[in-house]
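Below are the structure tokens for one structure; questions will follow.
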């Protein structure tokens, strides 16, 4: 009964508890306590995070002659930490008043807690997988668990969940095909056998394997060609479910890529393979896919008018950074990619929770119907501010550290166009996150929102803790970099030498503690200079210069719709919705073929059919 | 350690003083181009004192104040990353990538402050300012990549030493320097790319609700902005500061070029600015990059 | 040993006696059928204990094996005979208004089916196959509606052609080898049947028997018949009868036609069946029509699985067949109250949560979501297919995978409409009959236990697969150790 | 061009007595800075504004005096009211004046602001500007030449430097008088978004005549606009 | 240039209508006097047949002695390059007239202005609310019987005139070139 078994057992218990007690009003607190328990068990295993050896589970099965085993190594510990942390934050958020209001509006908070617990259980099983078969089992369970979480909101959520599960099953089938190929090549599905034979695989085999496994995992990760399902599905999930999905659910795809492409097949093999007619190697192609995944979703997010949709599109975009970091295969780049998983999980969850705090109070997430909430919901504003600084990757917060690592490795490797592409992504993020915080919290406070209050404490607590984490890992990135280094070692990537403040390198390293200290010293001097002169006088929002025009409260003069008009004049016509068009072509094609197929069953005259069949059979045999 | 603390305090002060003179130079050049006498010697300083001494300091909320504090404080912190003759500050703790992101903090702070003022002119101005940032940052990033690749380091102090050893950057990377100069126009936010401060159209955009010490803070920020642009360009291409007289002469010349261009041009519309910034400097940058890389 | 014949004889006897006893015993005659089936089950169970795995042959009427009718009873046959009786018992038409003739036909069907499973003689199989078709015509038309009669006539014509083809195939084999005993044929086949005529014979038999097994070109009757017949009959036909036909074909393939062209022919037809079945199910908007197309697709998958050479193929095929045998009838029973178009079904799940839960469970297993047994079946098939070198097998694997995606799409389109909150027209959904729900939940329990006991079940099926592919064992048990040189 | 003395301004020297000498030096510096760096609000109310561009450009160059045209009242110190003041424009002038941060100065250019000028018998123009808002300085002339404008500005600079220029306090100290005149013109429901009485308290300039029956009339139908306080609960 | 004798179309229009007298004011200007009820018809004909498509203004004259308002419609033709001003007289008391907004869209503004300045109400004009004098709630100011100066005297008060303004100026060292007394009257 190893620690790993304890963890999985606890997760199973929490699923059962939520399944049985989903009607109890206190189910939210119960689930949060169970998640806290799981976190505790995880800390007991925290030796893994600092280079400890892998913990094996005592359960080992052999079904149809295939051995199944489970184990936890540094990489899975790192991902499990994020998963349980995000789940704890989401269930705490949903436990208090949010749950009561959700129940009044006809929702079922118990079901939400149950699906959260189920998701965590399935993810732990996936992370603990010891061989390819266990990996696939865990993968399917995770896809179906998040299907439940996405579909529980009913109505529009059904169609998005339907779209998601079709994509996810396509991905799973690709992985199954990959497993079949591996079995055909190596005769077994164990990691060790594949790693042993990976060296001798022919180029064609490596390409097929990496495409099958890569595209399978990429679908869940929302990499470019398969990213259409993610934004809508995450936006339609009820409240904290989105925070959980947005922060960790799509990173399971990254875990898969790390295990199969990086650990088993090894990036070295990918670098060797050159794609004909181009000077790109397969790894460069994957890096370019990641770079484009950064740009396109970010600039789609720029045009969204729904806060949840905007953040969900950013989730897709940020996935590109992680892939870019990991495929760079250098110590700096891969640590940047891995740390970005942790960073993104923290600030994405904080952002989603603060959006849902606003939705809880105002009832809408439409950016054109909000404004000026900073005076009424200051703490939510603070959380969103910390979140957007993290998402945009600006210094004091942790987002900057992981992006710096990725940029630094691109700089050393000498990949200028990728460097510029990812910076374009960052700039796009800065633009769209400012639109988010401006349309929601700044600007004119509407008359109907003047009486709303700050979100209740049960919702505010997880948000504040998350934003604190975002700042602390930004201030002292060494904390997270230790886990990342252990994960790198587990996966076979070169390990990054780092200090508490960041990375010391003679050609220009980074020391965040110094930078943040100097930054706050600068703010201190600025504040000193500011508050030493003259007493400020606060005025009402109507006391504004508008060219001599008298502003009145009933007029909405808050500039929020079509926010970047100038930019859109230049790049507006570049938005061609080409991926939606491609998808609709695929669907209509299958519909056409299906019509042909079912037409076969409408022919009435069986005798004629039989004659044709017989003639065919004889001809085939002859 | 003691010298570092004094450096951390001294560098912003030096930056402020030089920045003031740069603003003065700007207004003098502007006046001379319009065949005017131009403001007296201490005019920028007087303006700032006057702003801070106003009786009324109109504020629209705490975030409006924090915005100005972030703007001024952000630049004060950014100055310590720029090496000047004799003082290196914390340039080695964060290289040129950290510096570019540090320069984004003041504009983000200002954007938040202006957002709270709930003035439509302000919001339109900020959306244009961020679009301008998107416009000039792409060629700027290409230039940074080329420079860091050429010197093999992102640490500004190392770059200066490299240039002291074997010649200025502008000699080895002329086209990149040209692209850098083009983006300098955008970074300093001067005339051709200054649509976000269109006085007649959107009442100076972000600065519409800034009175008293708020506007004073922004004047200080402008001084810092000129200084940072000048010193950064000199550090990257003109061999940085080996001694104060030549260093001052270099940064003043570097800053005077965009200013002279500025007073010749009207303001571009946002989409034309995007087209211009994404065409010529990017092409020049890429060509320079190609030359540097091979 | 002769109890085994009782399994076949008892139901046939009961079937003939039933109409008479109905007049004499009145209502009690309703329970004659289930009692007979129960006795059958007990008989088979005791037989399985006694034979503890060793196959044995039984020559009827005293003739030495190559001549007379001989039964070959090995694990596979016993398994299918047991399943015939169990499934017939579960899907027994308990409704009050069914007239006694339907009971008779059901018993006839079970007798013929178990006969087909057990018999070791080609002609004997054909006779039982004929008996089976006759019984199924009667059952399918039992609802006496206009549509039922029209569907049955079309079904009659197709299966008539089918039986004719099967007969010509058997005749062809007889002319070539001069014998019809399977074991004897197995010894002669490598020399005499390994040529074009052998292949034609196989093709003819394949298509002939394939009618019942919903093989691709000859399954046009499936949607109409399942839509018009009563749900229990179509459950029986889709679940049981098709599997027996497949069993026969596999038996022939293993023993008589081991050449690869035969397998590839079956594979091609199977792949076409999967593709056409799944795609038309994806288009279907009516619950029962969707189920019938889905069963065509699943049967195609069974053929694809069985066409993998060696015992891996048999194992995979067996797994997929058994799984489909359990899931499809359950879904048909659910269709009792949930027939009709997609729109009518909105919110049905909220009214009967147990039925909706079971539907989701079966759908998940059909699609192949792990720990459920469906996953292991699909895994074995895919791994088996990809293990082969021939590109046709790889194409088959690709088709199966794409088909799964289509399966998920149409199954869960129905699944989600069940849970949709219906707004205005709250169609009155009659709750499921208690007996239907009972059988479906029993099948659900069986599925879940299979999930937990997957490891031991895996070994048991592995032994069955080894035994069936062992041609030498078959020949030696039937013809005795001397291996009858005739 | 009339001198300041004639304009009836009753601003007494209030405020705290200066104890330490340094405070005087500091005041001196502030007054010098305020005098030497005046920002002129670019708001052309009437025809006189045509004289301002020549005053700004190369021939007369106001910038040598430290004067720059600014667009928003928030950044401006001087409000130049040029040309006839129609009743409609007067509303905008008062709104802009109240939006300017004090110390603020008003210069009435052109004789139309002094006594109605050539539109003296028009029903639509305000005749005497300093009834509605405290005016520092008048520059007469039916469009005074740029030299006169600059001369006026220099005079204003001297007044500021010598600390004589206090009329902006008068607006707060005698708000009731000004409000009365304004209500007389615009009707009793006249209101502006700025809360003048609040500002008077802020600067400690609440004289006896700040509140009166006119302000009571104002408070009847306009609650002073409270700023949105940042609150948690 | 319009030829000396009148254009045939104009002549045909005027003959159609009775009680119409017209005189050629200058080569390009024609004055037409017509009865109030006939004016819209005339305008319609001018616009339709005689290409007078541009209504440049409607002016109103207050004949206080004859207790009448005179409305003048100035219509211009681009082809013939000539102006027709149609004059008509309407009674002064309770003056109201028909709007020609449907013929000429600019009429909306002119009618609104005249209503505000003279009080002549035009039925059918789209918006007849206050236009320029938003703050004015006195009588229509352009009427002759409105004495603006009297109104100004009692609503506004004046700067008190400082007679010795020149002495203070001279004390301060300034001075004027032309003394006030010998300024040309």
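Letters A, B, C, D and E name the chains as they come in the text, with residue numbers starting at 1 for each one.
Keep in mind that, in the parts below, a contact is a pair of C-beta atoms (placed from the backbone, for glycine too) under 8 Å apart; a residue touches a chain by one contact, two chains touch by 3 or more.
Only a predicted model underlies this, so the values are computations on that prediction, with no experimental measurement involved.
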item: Partner chains that subunit A and subunit E have in common; value: D
item: Fewest hops from subunit B to subunit C - one hop per pair of touching chains; value: 2
item: Chain whose Cα centroid lies at the greatest distance from that of subunit A; value: E
item: From subunit B, the most remote chain by mean C-alpha position; value: C
item: Pair sharing more residue contacts (C-beta pairs) when A-B is set against A-D; value: A-B
item: Chain occupying the middle, per Cα centroid; value: A
item: Length of the line joining the C-alpha centres of subunit C and subunit E, rounded to whole Å; value: 101
item: Subunit A and subunit C: spacing of chain centres that average the CA atoms, whole Å; value: 45
item: Between subunit E and subunit D, distance of the C-alpha-averaged centres to the nearest whole Å; value: 38
item: Touching two or more other chains - residue numbers and ranges from subunit E; value: none
item: Subunit C: positions in contact with at least two other chains; value: none
item: Multi-chain contact sites of subunit A, meaning residues that touch two or more partners; value: 372, 374-375, 378, 445, 535, 537-539, 541, 543-545
item: Chains touching one another, given as label pairs in label order; value: A-B, A-C, A-D, B-D, D-E
item: Contact set on subunit D toward subunit A in their complex; value: 43, 72-74, 92, 95-96, 99, 192-195, 199, 202, 225-233
item: Residue numbers on subunit B that touch subunit A, as the complex places them; value: 8, 12, 52-63, 65, 68-78, 80, 90, 92-98, 101-102, 104-105, 108, 111-112, 115-121, 123-124, 126-128, 130-131, 133-134, 137-138, 141-142, 145-146, 148-149, 152-155, 158, 195, 203, 208-209, 212-213, 217, 220, 269-271, 274-275, 289, 293
item: Residues of subunit D defined as touching subunit B within the complex; value: 29-30, 32-34, 36-37, 42, 57-58, 61, 63-64, 66, 70-72, 74-75, 77, 100-103, 199, 202-203, 227-228, 230
item: Complex contacts: residues of subunit E adjacent to subunit D; value: 132-138, 141, 148-149, 151-152, 155-159, 162, 165, 168-169, 172
item: For the subunit D and subunit E complex, residues of the former touching the latter; value: 2-3, 5-6, 87-88, 91, 114-116, 120-124, 126-128, 131, 184-187
